[in-house]
């Protein structure tokens, strides 16, 4: 990106307004915790949006100014407007925007649309330890991260999960209770880049963890669109080489031509 | 598969009934040309279905007895019932069925749902030569195939295309007019396997080509579900290891427990 | 394979002859424990070989009759003859043979040659539990396996490891002590297939575990060469299409030709 | 990289000094043509080295100051010192250096060591056209590149080739004579990144093509090591979780401990 990367952090913002335990940790919402950190990066420009804002926080002019979408949702996946999902999906495929999906956003309409699977899987709330081990130590998303990230308490998600094989598998989670989970998954869809990052149950202060925030910051730069992406032609294209082709006459019959 | 692999070949069957040039090549439809060949394999059990059959050829009892779905469609993608697409999609994700998508079936509802992208791309009808080069010469899908398959006349599809990076890229097409295309693409979605195979424009006798048929036969065995797939638990699961967890009291507050 | 798959199980066979604890578990060697199980499969033909046999168990006629090589080694990697490694390597690349590497065979000359990395990594002997979670539940290598394989006691290997990203990542290990490891890794090298399977420390009865044995049996079929692999031309090839080329005169100057 | 990326362009520099046709195109060598372009980038610091320099251009202090190695070789692969190859290989695996291999450098000792295969394949000199089609239009290596790069005359390399499946396949070449080739291949080996870029036969002015140069520039940034890579522990590691382990007594017998 030549200028700043314009990031929109979208949050369902449901639990934080209703559950005391969540409100205590994220009094202004998960989106604000993320924004407070990301605003320190001079190359990033941060906006936030929630389900309860007008147009669910994503009117057309916001979508069109978003280079990177960060998405957190859990209970209200189905309330997100299909029309908005369509626009976001198209924007990613066209390479105008990248996206980061956090934790339970694996069940969001947009993520499932991009992945081609149905979501769902194993989970457990048992106040257990998670370690996210780095599998690709040379990848820009883990710049500044050690061998693993440790979170003292997290919700568990477990394999086998039906998300597709990522183009690059960057983190694998170990859980105290006995499971593993693909936890940092990089995908390309069309010209757009997508990163799924597992941690972030709303009842834990995960989004204050320095390593978790650093990964999200790195990922924002990684999914950001190119400065000069190719403009790709679609539809019926002429031949690049001279070949004998044909056209059709008024009856739909083929007539050879050069 | 312990018994025979039960294959359902689904065909839009539109062009063959309306265009003389197509009817001449496939008088009983593309599905019958494929069936005629595949019925020779003693381990395969073949059925066919078309858009114009009752229930679009896919009533529940047919879906439930299909191990491998072979799909050809072009102009009538959008007429296929959403309810049927939902059922087929779920069956693939659950690993009860594999699927092979042929040629323009890349634009079908089901394929786009599985891939997460929007379809579309470059194409050209110019009576040109296609060569499908083998990129993974050890893969079971190319058993019995030489270095490449040559088709004297085919429709061109060209890169860049927005289909996702396959788990395994098995064929790459060379076109006389100057383009290339990922043409034999293997994917896993959930527990199900999916193979996309590019050639097969309705105006050419592609589905009589011995190599093309052999690839479809090989692919049918490759996408077929396992004899004994794992039964995967989902939802809230207990801890495999003893850890200190918690439950909630009547007010939604967490209470620690072992 | 049209006939039986001819398997050669190669074992270093060092510890079993020297350490009481190992001899007690594998009195005739790890190779015999594997052979005893695999000999039950009617489509497999089993031979064994060890470092202490003439020609290190791998004279040319044995190599030339091996479709699948299963390899276990630990302390004596460097004693294996370079000439034998060259022959085995070439046979795999040419697609005449597949290979399965077990446990510490990740440090063998042949495996490192195939992978392009240096081996080495984290390990610990702490009598701890390992769970191998299935990540690709539709893959033929896990046919008949549940969600995970549990081994009550194993040696730990931990990530990050420098083995390359596998073409397919089939198992991920969870260790009681806090680590994870890519544990069932499928690779293609040239026309040959390679599978790395982590468990099998010599001081534990891992190779009597029914699931471990089933995976090795499945993998043997998966890495076995094709019935009819393509015969690939190399070197200077003529043009498939008519193009204006050139040859050289006696002075090395280019002369155009058609 | 916090400071400049230190690039060493290594060239065999054989043909340019001996063949008139090559000398005419690259009078100071391929390395200088590349350097002339790359020196314009303010974030890159360029040095060159050749086979005929003392220590083959790669004494230890040069290796230790190289962040990115660019390698061109053809006829003199085998003359490169094994000791140098060992050092370069280790440096890549450790993530201290990335590498770009150009054209026939696919046959170099270092590239074959990293890939695990034997090199070799189809080739043809017929003055034919090459098009490199972009398969991953969102990848940083193709920033600023259109749908394809066209080279009016190049040497052909053809599939099937025995190089391993890349982690990311970025370019696919189309050749006038009828072949295709994986032409822009990204790999990770250990913590290091490797990019293979096909074009660049010495008898054509390929390394003056703006798109080819731009790809090499982009790739140099992409393979460059991280600012803060994880320092990875290897060898015998203590348990992260409390588990009951054991040590050995003076006789090699295991004694349980906590």
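Lettered A, B, C and D in written order, each chain numbered from 1.
Everything that follows uses one rule, which is that a residue touches a chain if its C-beta (ideal position, glycine included) is under 8 Å from a C-beta of that chain, and two chains touch if they have at least 3 such contacts.
Note that the coordinates shown come from a computational prediction; the quantities given were computed from them, not determined experimentally.
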Shortest chain-hopping distance from chain B out to chain D: 1
Contact-richer chain pair (by C-beta pairs counted) among C-D and B-C: C-D
Chain C and chain D, separation of their C-alpha mean positions in angstrom: 27
Whole-Å gap separating chain B and chain C, where each centre is the average of the chain's CA atoms: 31
Set of chain D residues in contact with two or more other chains: 131, 134, 136-137, 147, 158, 160, 165, 167-168, 176, 178-179, 188, 190-191, 230, 232-233, 240-241
Residues of chain B defined as touching chain D within the complex: 131, 133-137, 147, 158-160, 165, 168-169, 172-175, 178-180, 182
Residues of chain D that touch chain A when the two form their complex: 95, 131, 134, 136-140, 142-147, 167-168, 176, 188, 190-193, 225-233, 240-241
In the complex with chain C, residue positions of chain D that touch it: 19, 21, 89-90, 93, 113-118, 120-128, 158, 160, 162, 164-165, 167, 176-179, 187-191, 203, 230, 232-241, 243-246, 252-254, 256
